[in-house]
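Next come two complexes built around chain A: one with chain B, the other with chain C.
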Partner chain A sequence: MAETREKSHKPKPRVRPIVRLGIFLVSHSFLVSVVCCTSGVLALFLLPVLAKNTYISENALMPGSASPMLSNQHVLDGNRLVKDLTNSNLKSSETGIESHKIIAQYMLDLGAEVSFHKFHPQMNQFHPLHFFSSPDSGKIQENYSCSSYGINTVGVIRAPRGDGKEAIVLVTPYNALKSGFGEALSLGIAYSVFSLLTQVTWLAKDIIWLVADSQFGEYAAVSAWLREYQTPKFSSLSTLNSEMCPDINNLFEIKVHSVAGSKFSNSFRRAGTMAAALVLKVRDQGEQFEDTISIYAEASNGQMPNLDLINVVNYLAVHRQGLRVNVEKLRSLLNSSWLKSLGEIFESLAKVAKTLNPKCKFGIPATEYVEGTATLASSLYYQALGVPTGPHGAFRDYQVDAITLEISPKFSLDKVWRNDILLRGGRLIEGVIRSVNNLLEKFHQSFFLYLLTSPSKFVSVGVYMIAFALLIAPLPMVAASLYVDANSSSNFLKGDSSTPSAVTDAAEHGITIRSWKWLNSAKLVFIVHLWGAIVSLLPYFICQIPDCSPTTSFVIWVLLSILSLLILNSVLASPLACVKASQEKEWALVKSVTISSVFIGLGLMSVINFATAEIGALVMVPMCLLAQPLKLDVRAGTLRSCCRIICNLVLGHIAFPPAAFFLLKGMLDGFGSANVGDFWMWVESLWAWNSATYLFIGMVQLPCWVLCVSILFHSC
Partner chain B sequence: METFNNPKPVLHLLLLPCLLLYSSIAFSSSVEAAMHTNNWAVLVCTSRFWFNYRHMANTLSLYRTVKRLGIPDERIILMLADDMACNTRNKYPAQVFNNENHRLNLYGDNVEVDYRGYEVTVENFLRVLTGRHETAVPRSKRLLSDEGSHILLYMTGHGGDEFLKFQDSEELQSHDLADAVKQMKEKHRFKELLIMVDTCQAATLFNQLQSPGVLAIGSSMKGENSYSHHLDSDVGVSVVDRFTYYTLAFFERLNIYDNASLSSLFSSYNPSWLMSTAYYRKGVYKRSLEEVPVTTFFGSVMETIHTDAAYKALSRRNSGKFEAQTSLDQSVHHSERRTPVKVNDRDETHNINPEGQEGASKCPWSTFCNKFLKAENVDSLVNYGLVAMVPFLMISMWLVR
Partner chain C sequence: MEKLKKKIGSLSFWNWVIASIIFRLILIYFPKNLNLSSRPEVSTPLTSFRRLAEGYWLKQSSMSPYAGSMFHGSPLLLSLLGPLTVKRIEGQPNHLLYSLVSVIADLVSAMLIRATGQNLQFAYLRTLGSLDLVKQIEGSELRSSGDVAALIYLCNPFTIVACVGLSTSPIENMAVILCLYGACSRLIPLAAFGWVIATHLSLYPAILIIPVIFLLGCGPDAPPRKLFLQRHQQKGVLNESKLPPGFTWRPIIHFAFWTLVWSVYLLVLCGISLKQFGGLWEMFKSTYGFILTVEDLSPNIGVLWYFFAEVFEFFRNFFLIVFHVNILFIILPLAIRLHHRPCYLAFVYITICSMLKSHPSVGDSALYLGLLGWFVNELSDMQFSLFLFCGYVGVSLLSPVMHNLWIWRGTGNANFYFATAMVYACLQIVLVVEGVSAMLNHDRKLRHLITGKLHEAKS
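And now, the complex of A and B:
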């Protein structure tokens, strides 16, 4: 007891080093934030340099260890199907059903199990509670009509000696009503592989070939089939369907009779759990000089398939079939000169580093850097968007690794070329299937969180998180320093004005008030965030208005949002207004709380969808850190404050979500085509795909922007 | 018991020297342990999964080789951790090849796998070596070797610094192996043991070995990997490891009558072909490797002992057999089984007693004879006999004259 009393009497109690470090950082928050932010942005631009070469991580895959077995005979089979399909298109008016029959017949001839799956397209509706929820089977639609349905043709090969617990899915989207030559060709490739796989003895997993009816979109067909596959319905809906739409049923009856005794089945056919899925497409017009194959991997909310799957495809395509592999790039970045000069700077830096230490070998040529950055930017963009880039996205919702392969052949019409594409495409698919067939477990060895900088280079989560962490690191420090500043300055003023006798009494009272003063700002921030939530819910009601063009919807949305902000402000924040006027440094507290909330929001978002958080942080962090009442800056009138005014105004415009959207769209597509309704359409697509980016924009970015703007126009 | 013992104290007194004599003979023969009685092979593939096809092919190839060189199936313990032949990914069902030419199916009709699949564990492996089995384990799954046995222990799989992975779930460490070998030595379970390991960093597995009579060879040194020899693009996997491939190549040239020495085998490993350095460790192995034929371990070639008399060497054989039997009993013993074993011992001593008594009554001439017999101087006995014949001859000559 005595000791503790002595200690408490000491003037300066010892502070632990970590606390001292914290205090040091908080007191130098300006310097820290400048350093951190610049290094964060720099780290982002360094990512293409730091990218590592991909490698096959899973031992069991062994891609390319077996020589392809697809022969010319199988190619001829595929060619026959292509011919039949293109002919039937010309002949029959009822082509949709005819071509499905042809495909089913071909599958049956191979000895596969065949079934039709009919589905009704789902409307893109805004379900406020559907974000993050797994897709459910119970979506019963009352308003379907018999005329609009799609038919998926499904063929299943059972592994001759397998246990039937696992399956590999091959998907070819096919629109029977207006199919191009490319689609027919993709069916031909799939068929040639399928015909091979019925003969081989090495299958350990079942093979499912899904010919997805893409007349309502490729994704809809695949997701409808997957929903049926994964979450079987036990309701009477299917019987209801057949009762109400006899014409569909008729088709099936005819089918059954025509191929009696075969493996055709009216019921839904299933195999085991899916190990992987490949979506195969052939582009109609090929303009390249060589045969290329594009890989699309992004699924909803920036989820990626396991990197091993991409590696296998890339390895087999490049080293076995001699195809060029492409991943999506932002083409506008390819010609930018500033990027090229940045690349040159990095290159020369790497050379200098190499002269200093011959062992260090980072650094890539400038052209490669530009390409890498363009690929990285597109990888970030598509992940941030949260919208799947192809039908493979539907698989990711069920944790199945899937990618879309789009073959764009160098175009010519002669038969040799067609056979060549069938052979090489088929062998690629065969190789991938054989490799996945070797798998013993799900894909798990390689990365799920990565950004691609080229088909054979990637940046893993451990590296790209650094850029983001550096970017948001100053936020809590600045918030703390602002809070401390606001408290101490008011403390100083009060201490000055009061007489010494009243000091103790007033100080105690003042401390209690001051320590809770931030609650007012927190209340303001909370109200604005509440408003953000309301704004993001509004489209649900706007959707219900019938016959509304995107432009009017958008206008209604904006008006309602402003209205709700005003109402909320008047109802909840009115008592705050009078207090606000009385306080000197109130804006600092608001800024501090805003920054904290942004920090929390960005941190949460980085877990859900890293790319969104990264792009959001690039815009929001400078805006939050720079925000300062314009009046103060105008009053100061120095060069520094002028710069700050300009920065604030620019950021204030850019950070407004619609403005950012139009700017981005203008940069990518040109400003001519911009339309107010586009933003509405874009937002619609976001919620249709259950993208968390929509929530981020509505509940983090928009409130943050409003708060920053309110700080800018603060009257002090 | 006492009533049985009491009436014959004299007999016991008589018996004592004979027993002493007998036991001293038995002891001397067990210390000597010189006779090579039989050959055993323990072949272990420790890794599962389709992509480890080559390990099973390695083991099966070695199995085929030692069988060809004369070790019968009942003296081979074959442990295979997975069944590649029946894997669904196998393009050739029920067949295993170790070469892409597919000329030789290793998984023919007469392959007896003793431990398969999940039975191949570190525990079972150590049980096989040390002979501590559950009572229910059949004889075909036991290593019933004796002190005159030559044992080949071949292991392949994935290894590392002083360990060998079993089944992707557990591992055998170098001191486990050393301990097992030491136990084997103390239980007289082998005369000579060759441990051959084809894994990465195989040589590190022998670091703790100290028992005498143990030779060890590994495919690679510490820090080195052992690589597969070639890929069969038809089956889609690598089918054989380099070390095993060149071992097999060496043995393909040999037959059971060849006299190639172990040193010629060990020197046949070319580091540039193996892409690793084969390392052998002689330890306390006494014989010079140049003099030891490979068939000492990889075949079953017995040393033929020439005897003039058909049955004279019998007594020695008998003693050897008796030792083998007791060592066998020791290896199996449990508390429940201990009593019958003891009873057996007493029976045997009883059985021997009358013979001993007889011998004692015929003293001293028969003991003299015995001594001669036991001294194993059959030739000198004959010589002495011949010399003894000379006076008889002279006396008879003298009488006749």
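And now, the complex of A and C:
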């Protein structure tokens, strides 16, 4: 845009260097965009090589500096609980109340404060603007039934040295109705740690042990408890509750009488603000080779806990307890040969670099590269989905750092191995709690924005943003060059302003709105984006139609979307028709404005959820950059335009969100099982979790696709 | 045909006005989901509705409204709008009456902008006529700048957000526009009233006195005077009637008189309403003093809060002076360069103020973006228009996200939010620079036209 002026006053002797650079980049925008996009994709594949080793950033954590205090006595205690729970399971499996009673009894015996927390599972609701608002206390549901409720058992240890203003949370999901042995074992581990912590003197933060009733899902229980903890409801619901459901209350009454003089309370117990939370799970089926611990960290919208928390767990598990630490990876990538050869190329490149400069510590072995890429891909995938990978996700909504630890023991769980797992798992948890206990402030030293390539390696925001920035850098340049072209071509048509006879022309020109010509295109882009917003809101109404199968819902959605596009088209001055209006270079302006809007959308999304933006950019950037009316290309008939036609057609098909979904699904599960309703189900899960990815697809990608397609079929 | 076109144009104008008002009413009816009134972009300590309600409550319980550093507005706002903060209608949204007042203020402002724009356009056409450039214009389409400006003001998302977000900026904006309207249509008491009220409400419009003096002294925007002289000189005959009037002191003395009257009246009113609570001194301390000393460092879309949160205490006074003198420094050069276009000068001043003021909000941008519409014909050659547009869209979307990242998610920090504030300030700078240069280019082009014509005549 600066360039128009500079071009029209060419004889001007001096141009500022920055403007000259801008002109240079814009005039070579094709080359620049090819180079930038390629290097952006390449940088993405380089990320596993560029990953740094993790380090403990916060000094106060001091993991592993104290020797573990968890002894066999505590392990025996834990074992006792496991035994009792598995027995009670056999006795009265229908209510599940019994096992909660047992847990509460065990907690009380240790001298902890115990309370029950009743909750009703919340229906999944659609909050389109949830992302921008603070966590709310939830809608009070009027019509709940007394039969469907869950009970969380909560035990609190008050720290002897603390002021009661901070707390550490330990969560063990437990389904009393059909608990596997693993769940009981996780309770055993938590109990052994809990029993140790009642005795220690170093505790400076309160400990909350939440036994989350997972019959409605682990996440629902934890989030219900957290909501009650953080945003108490000052309503008459609890009294209403007890009035309407006497049977629930009775059970608690019995409980209270049975342990007279204890610290049991019927009200909700709180400790201080949460410093960190650990969710502990034990898998029923064991691994084959060694004891493994898997870390799940992704919360909603790709938020991660502070890297220090993962570091502490990783350090203690590997260096103190001899557990293998695992993070999720995409298995299908592990065997891919092209990735292996890419890794080998990087490895050989690193060798060359090392011969040139011995100090250069660049490059990793090919196998490690493949593994790192698989981990990175899964890290990107789960962050992009925006759906939390476990109950720890609920904590992140309240700015509490939390991770889920899943222990998969080596052998079938006979007695000796069980004790070993109890001891090692317990010591790990103890060590983590002890480290967190040392914290003076909340986690802030280390990274929040990172991608893991292995449990001990990470890519920080400063590195992965480079790949993304390279990928989207061509967008503004191409937009500028298109804009300049469209303006200068019309200038050329109407005459140059150098001859005196043309002066009047130029003046006339000046009084018409010349540099505001793009407003028409902007209107079109705006209308399509408005349509995108309407499309993203439609499911809210569709899902209220009773008895609707996913397939019919999807069909209704598509029909309504098309209908709304037509209505908008006709009401707001026929936006699609105005494309073919007077201007010759109209499509260039439309493309320019489209690219600008995509640039804004991608930039915005990269701040909200980087992974979504990165994956979206991989599809949308080529599509936007290549879009050109098919007619022009057909007319040109050169090799280059043929290539462009093919690319455009392929991208035009791939970039349509449902098509992209089915393609991915087909690649992963095989095309036979694909069903039209699947997309609806996937979308439903996205908005049930308030994923920003849903808004991104509806309000950035879909409008961009529509605009690109309208450019392709532009009649010029 | 022309008439019909005009009719259709005005019809669609009224359609848009009605649509924008209906849109506001719809938004007012579900304010809970939007929660706009607590956004830092909308409500600053000076314009916040909650603070107004607090001040009213304090006053009702016979305490000073300025106690506790909550309220920093004018005592007159308390008396006029205060009762609306507590009045409720059964079954309606809580602050319906107050919101309706904002909507009406917006509508009035838009109408005043329209009238002023028509005034300006009339003056523009007349000057072109006296320069014998009418022929050039007949071929091209002239937008009705009044309509454009009014529609920009009404349909601007910033205005809508400020209106629905229950801030007091619609009323402050109305005072500024009233002042400019009065000056343009030579209603001197009205201009003086608007200027006094605007200054009283938010202090910064005080510098508008310079454009108002120019407006009253030599009339609305016109090409430079020497252009006329040149034109008529070369023609050989000096037609006095076609020259724009020179600077006259009479209306300015009138203006000074009326300003004095209104100021005294205003101060007396304020004094009466604050009689028991420390009087006028208390008012000046906690309104003007608050604005000038930047006491409240809560984040907003300006750049001062971050700076004064970082600066060492003993440099604070020095930098306070530096930042405020910044505005004053800009006044004189601009006044010299743009003295022949007082309305444009006012626009530039307002833009610069909204960039450098201590507690800016989107309401301020709403005002200057609306006024930009007045010059739609002159600025048709403005550079970077698409860039500026995209920048404004991007920043206004990015800023809430960064705020969310910092405050609610805890993964960002203050720098993230401040970065958007800096980008926003840069955008405003680019807007001012490009706008001024486009306006000067326009003047240059008129000169070229005249000289070109002369060449033609000679040959």
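In the analysis below, the second predicted complex is superposed on the first by the 673 of 716 C-alpha atoms of A that agree within 3 Å, B and C clash if a C-alpha of one lies under 4 Å from a C-alpha of the other, contacts with A are read in each partner's own complex, and residues count from 1 in each chain.
Keep in mind that, in the parts below, a contact is a pair of C-beta atoms (placed from the backbone, for glycine too) under 8 Å apart; a residue touches a chain by one contact, two chains touch by 3 or more.
None of these values were measured; they are calculated from a predicted model.
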item	value
Chain B versus chain C as contact partner of A:P550, first or second or both or neither	neither
Touching partner for A:S592 - first (chain B), second (chain C), both, neither	second
Which superposed partner A:T201 touches (first chain B, second chain C, both, neither)	first
Contacts of A:L440 with chain B and chain C, given as first, second, both or neither	first
Contacts of A:F448 with chain B and chain C, given as first, second, both or neither	second
Chain A residues touched by each partner, larger count belonging to chain B or chain C	C
First (chain B), second (chain C), both or neither touched by A:I600	second
First, second, both or neither for A:R161, with chain B first and chain C second	first
Partner chain(s) touched by A:A522 [first = chain B, second = chain C, both, neither]	second
Residues of chain B defined as touching chain A within the complex	49-51, 86-93, 231, 233-238
Chain C residues within the chain A interface of the complex	33-35, 133, 136-137, 139-143, 376-377, 380-387, 389-390, 393-394, 397-398, 400-402, 404-405, 408-411, 416, 442, 445, 448-449, 452, 455-456
For the chain A and chain C complex, residues of the former touching the latter	1-2, 4-5, 129, 131-135, 303, 396, 399, 448-449, 479-480, 483, 500, 503-504, 506-516, 518, 522, 592-593, 596-597, 599-600, 603-604, 607-608
In the complex, chain A residues that touch chain B	59-60, 62, 65-67, 159-163, 200-204, 434, 437-438, 440
